[in-house]
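What follows is a pair of complexes built around chain A, which joins chain B in one and chain C in the other.
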Partner chain A sequence: MSGRAGDGRMADAVVVGAGMAGLTAGVRLAEAGLRVVTVAKGLGSLRLAPATVDILGYGPDRVDSPARALAAFVAAHPDHPYALVTPGVLAKSVNWLKERVNTYAYLGDPEVNMLLPTAVGVPRPSAVVPETMAGGDIRALKHVAIIGLRALKDFHPALVADNLRASAVSGGAAVEARSIMLNPPTGGEADVGTLAFGRRFEEAAFRSAVAAELRAALHDEQAVGMPAVLGFDHVGSVWTEFQEAVGRPVFEIPTIPPSVPGVRLARVLQERLRRAGGRFVLGAQAVGPELRSGKLVGVRIRTAARETVRAARSVVLATGGLASGGIEVDSRGAVRESVLGLPVWGRPSGAEPGFLPRYLDEHPMDSVGVRVDRRLRPVGPGGEPVHENLHAAGAVIGGARPWREKSGDGISLSTGYLAAGAILEDAE
Partner chain B sequence: MIDESLPGFIRGSLDHCVKCNICETACPVMNVTPLFPGPKYEGPQAERFRTPGASADDSIDYCSGCGICTLVCPQGVKVAEINSRARATMKQQRGIPLRDHLLARPSVEGRLATPLAPLANLALSNRGIRLLIEKTLRIHRQAPLPKFAGLTFQGWARRHQPPPTDDAVVYFHGCSTNYFQPELGVQAVAVLEHNGFRVLVPPQDCCGLPLQSNGIFDTARSYVSRLARNLAPYARQGYKIVATSTSCGLMLKREALEILGMEDDQDLRVVSEQTYDICEFLADLDEQGRLRSDFNSLPITVTYHAPCQQQSHLIGKPALDLLDLIPELKVIELDRACCGIAGTYGTKREKYDVAMQVGAGLFGDIRDAGPDLAVCDSETCRWQITHGTGRESVHPVEILHQAYGLGSRARRK
Partner chain C sequence: MRGFSTVLVERADLATGTTGRFHGLLHSGGRYVVKDPKAAQECLAENVALRRIAADSIEDTGGMFVTTPIDDPGYADQFVQACIATGIPVEEIPVAEALRREPRLNPQISRALVVPDATVDCWQVVWSTVRSAAEHGARIFPYHEVVKVTRDGSRVTGALVRGPGGDEVQIRAEVVISATGAWAGRIAAMAGCKVNVLPGKGIMVAMSHRLVNTVVNRCESPSDGDILVPIHTVSVIGTTDVQVADPDDWSISHAEIDQMLEAGENLVPGFRAARALRVWGGVRPLFQDDLPAQSRDVTRAHAVLDHSDRDGVERFLTIVGGKFCTFRLMAQDAVDAACTVLGTQRPCRTADEPLPDSADGRFYWMGSRLARREASLHDDQLICECELIQRGRLEDAMVQRGTANLDDIRRILRLGMGPCQGGFCTFRATGILHQAMKLSASEANRAMLEFLQERWKGVQPLLHGDQLRQAWLDNWIFQGVLDVEHLPGMAQTREHAPV
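And now, the complex of A and B:
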């Protein structure tokens, strides 16, 4: 990397966004030897997510095998981003991620959905999950204890247990679940968040105190579910030692944000990016394209005192959808792609009601976004790429309803992987 | 009633908070102590309940002002700016301790102590005197304090004969270079001259940053507007202003405008637009193909830590791109948010332990890496790194200076 004065910060690729899609694309490109600069307005949404890889949970009925359901799902949704993702690519991208997470193992594959309890105890179909969560697959659970930690607000073991008892799985009996509220030694603090518990579980003394109280409270339950706070960088050993001390299998249940498993995964991917020589420009908002004779030669970003240009041979747009600000909608319903002003597809006609009676009802606005070609390049009205060297990944691509389909992680991972692949092909 | 009310665009930003807690995953202080309940709680949440009148804030004093919360916020909430204002209001109402007034005026101390440097340095390295200072002023006895150089960079610059080149830049050296480490200024000038620039050094005093971070806003405003008045004529002529003190450069770029609410100061606005961190400036030169590449091999290992204030320039880490150009130099990028010192925060008796805990991860990484030098852009962070690791810490420009063969680096005791 030495002695290259002259080409300075000219990047092979600038990636805008640091969620699952942006980090996947950035890490893959950097590991292939490309000079990558990731620009992110803030730390990505990964830190809010349960860090499971949900590929396809509902289509609209509950999906048992995403890999097998994909063909029929794509046939019914030809504009869905999954129309660009073959089962082979999906499997490759999942394996790629599993090989990169070194703090603990990720289990599962696109062939089978597990059913894991959410923070309110509702079963959620998820294909690839941390080993600390896989034990919560209610298809195999008969009799379980759900524990709460007294000072941790917003995780209610009784609610989780009640809902688990009520959720009959197809072909099986409902789970027998009991809740236990523990009083961990928090030094009198009444309000301890997930992050603070995550750090305390990395301390052996704290862990064994919680394990001792738990062991005494258990009856003959086969396993113990608890909020996902079993440490950060050392989660693998923390989980193993805690299970041994409790004497039963323990599984983590994702919490509401901030998500300790989300922080683990985000840290792992950022570390991978850094180790591969990728640069990270944090806090700078991308505000527009840098064009030379109509050709995209970089991205304009807003720094502390002025707008500057990050020059690049290729750009990956991974800014997220409506929820993340990659797609913006104003109070009159006007929709725009917020960084490059790309054409947006799937706009409601205006005849639909602005609001629907129920929060999660399907609305046409749900699936707005850019449309891309086979090489993940955003296209204009005639289907032609807007720029030869611009690729999109993740939720900025329209056509999906990730929170209904439980498909967001799979879309971000596979399209991030594919966008990087397209750039690597161009680089050859 | 003193009330540092918020400018509209900062107050308005709190409505963008979606309570996602990303700031709390990143806050270095709340992650080591329950004394600080966190940036979201203190910022967008508590701000809704702040009314003109007596401040009800206590714990906000433990915010170190590192700015990481604003940096990581994906929604654009000005968390750190909200908290700076609230902290200033609280401190002004309750009375700012003499200690904070002293810590906040490096150029006053610099002027007083420079003629008496040997005596002042002897006194400040004497355990008994430090204990006395801790008892009376509540500056922690172990806190890293710099040594006075005994001569000033301004004095050197007045005698220095610049080369007769057309291109010129203005050098904003800051108090630390002037009074504590004039050799850094000399080296920065040499590196800039080596790249074909005449370096102008207008008269300059403190930028007011330590006053601002200690809540002494009115005095901070008068310092920064005086500095801006001195620099603005150059900025208006199109000269770039280059800073080696990354936090003071950020003060000119953005912090004074936003935190001190000086958006209407036209001098400051034009100075802000022309101010560059020196690594940003040199990396830009490299991008334009204008940076000289006649670096000698430097077969040593260094760690690089980008301090919080450098990160808030929102320019990434240009020092890494520059160090990459030096043959045989092995650079280990560290990925820690903060060293803990946060300007003057970590020197205060009640905050010293918090600051050392914040820095513990960074110190451990540096000790594990075992570098020849620990590179860092900010002077107070360098003092803290040396205090926490025993390793010598240098500005990136010192490495460039050495690799250009412009003279061996003067080792400091």
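And now, the complex of A and C:
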């Protein structure tokens, strides 16, 4: 069995992981004509994410233009994955993504950060976002209504509005914001989650009932902010029709997982992968390398019943960092890369604690991960690639603090794009 | 209950000193039976009394003393003898039966002895007791710290206390009782008296689920990490015993945590790979006038000190020593002494009159929250999935407590105490608190950041494995998605947040 994929063919590339990085690499490779198999333990972290492509929000001061801030940021953080990403690559990968999302649009570019309210009302810098969210850029807003949906416990409009009012933006006045709690028909259900509301908003009757209630409650607000639940596959038309019915611009605000906008983008990219001939194998945990004479010839996969081998010419490791299980720490503090046992960098040394007492401290363990060369190949202690045909992408690469920098999807998109590019160069 | 007009003051929230910092084991007395039969007898009597008055806070898990491979095989016979002599019901069961009841137990155990241990929710007992006291006219002031014990000559006349806003209030009283545990020496000093308390620090580690459903003790002289207690949705291993100079020293070392995980491995093989949630320390108030070398050898029994005999200071009593299980008896003895001081005899009824919510005598059981949830499945929101807390109960607790502090709510409802450690409920509870208590945005923001800090405090020293993964998901939610580090007006809080 060794040397052959489960379906009897050797894949050109096996991609491990179905988050932003893995899907980007997988789609790009498949569209270039390679035989791609994406294996994933679960549905992928993208479905939990706001699906805004944050490139660089804080470094640590708030960044106005990621493209222009990048050089200085990399100079100050030489081990950061962005050290491998030029502004040109960033722009290319962003355009690549925009071209692939067809049922709605992504707006913005790495030149400018928008400031979009979070679900606690903090104006958060983000560069490339769904068109349904871009209207929330508070640099252009003066007077908004923030609406909640009574049965949704994951969005509290009064807190969003209060904090927005208190959030003065440099060079601009604070936003005037008022909250409205709507009570949409839920068939008597008191506890309706974001995904369930996402499905309901795809129904025209539900939409118009909410729009009617909202219209009656609005005063002279210039725009309406609401939780990001405006449907899945038809979000473009759902959003357009809802705005028309309300009579004002409406923008979505992403909230805590699970994420409707995350599911949208994950579905779009998975569909792209499928249409390009790529395979997607779910419930398949990668557990180790398949080696022949020391050379990586595939990945061992554990499915429900047994262990199999996915043979491949190239492997993309996009398993994520500590949050996704791509990097693990055991009870004795040992840090390991969980699939291939690759060398891990950035771990605290000796007696140094991994975590500091204050929650918002920068913790020594924050930025652990593998280190890669310019072709995105994980390297050993001497800087040499561990395998010629192994590439890493996304949060498994150390050196970043993505949730603090607001850089997660930007790193995943650009390194996924670059890892695929390196494999395509090898294939030529 | 004895008809006195009483005021209770506590420097922080109730049960945040030592009471809320133990593992939740309601002793049968077995743990002390060989070495300290007096303490064992008290435990047994109070175990019976608390089952009668505080059933709603107690889960009747039963307890088991097991001889593990590292234990002296002869101890079990001594243990059985001592239990019989003390009156603790004890039954030896075959090892196979013990393993059938608790399949995760170390299969190498050689003996298993069943005793009537149970588990008890310390906060629920405290709040039920407080409700009962309030119904009898007591006034309760949490977050009021004693700054001075006032005297008129040799006679104590009351206390000067500082409230949450910094305002000072003089309380006048016929008699002052110091029930301040490991802090008793400090309060006594304010009255010009001397009390020697040995603060003995112990740490506990909570695992994310119930590895056992029975309290499991090693059948051996009490030592470190020899108790595993199933309580609510988690199980807790404890504890250590380290003398500390400062009763506010709750620091936790890596070595202590590792010692607990290793001890857990002996009781339940695979313990190290199970998901460790959280760690905390508590300080035992061990009383002795002459300092011995090892605090665990000090008696756990308590003492009531009348300072007129000891220090020539009248109308001032200290109740010290003891342990959670004997809190009722300690209170009884202290109030008996106060009656003597006041020259009156009034009988104590606390051993017989059930606390509010416990009148029906039904014990707490694991499914009770789920049953409550199922009864209102479509009518109420589930705010904390881990601990099954509904929105209605949360709002009621906020309004009843009148608090803007989510940690106060935690101690009432277990908010944020389950496997996700507040990852989801903190955000929801903040939004609800903001509305229910009509808070300003900055008050709500502070409540959220302080609760995040409070949760982080207990996970940070032992983060690894799946709990680290959870903590990183939580970070990603709060910092990545919500950007809480840039909440308006919070720079101050970040600088000065309590550690």
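Here are a few things to note about the model shown:
Criterion: the second predicted complex is superposed on the first by the 416 of 428 C-alpha atoms of A that agree within 3 Å, B and C clash if a C-alpha of one lies under 4 Å from a C-alpha of the other, contacts with A are read in each partner's own complex, and residues count from 1 in each chain.
The criterion applied here is as follows: a contact is a pair of C-beta atoms (placed from the backbone, for glycine too) under 8 Å apart; a residue touches a chain by one contact, two chains touch by 3 or more.
Note that this is a predicted model, so its numbers are computed, not measured.
Look at A:M10: by the touch rule set out above, it reaches chain B but stays clear of chain C. When the two structures are aligned on the shared chain, A:T308 is found in touch with chain B, with no touch to chain C. Residue contacts after overlaying the shared chain place A:S349 against neither chain B nor chain C. In the superposition on chain A, contact is made by A:V263 with chain B only, not with chain C. By the touch criterion defined above, A:A190 reaches chain C but does not reach chain B. Of the two partner chains placed by superposition, chain B and chain C are both touched by A:G325.
In the superposed pair of complexes, A:Q285 makes contact with chain B only, with no contact to chain C. In the superposition on chain A, A:R358 makes contact with chain C only, while chain B stays out of contact range. Of the two partner chains, chain C is the only one that A:V120 touches; chain B does not reach it.
Chain A uses residues 48, 189, 257, 324-325 to touch chain B in one structure and chain C in the other. Of all the residues in chain C, the ones that touch chain A in their complex are 254, 258, 261, 272-273, 276, 378-383, 391, 424, 427-428, 430-432, 434-435, 440-442, 444-445, 448-449, 452-453, 455-457, 460-461, 463-465, 468-469, 472-473, 475-477, 479-489, 494, 497, 499.
Within the complex formed with chain A, the residues of chain B that make contact are 19-22, 24-26, 31, 34, 70-76, 250, 253-254, 272-273, 275, 283-284, 286-289, 291-293, 295, 311-318, 320-321, 324-329, 333, 335.
Residues of chain A that touch chain C in their complex: 48-50, 62, 118-124, 151, 153-156, 158-159, 162-163, 165-168, 188-191, 254-257, 321-325, 328-333, 353-360, 365, 402-404, 406, 408. Those residues of chain A lying in contact with chain B across their complex are 1-6, 8-10, 37, 40-45, 47-48, 187, 189, 193, 195-196, 199, 257-258, 263, 270-271, 274, 279-285, 301-306, 308, 311, 324-325.
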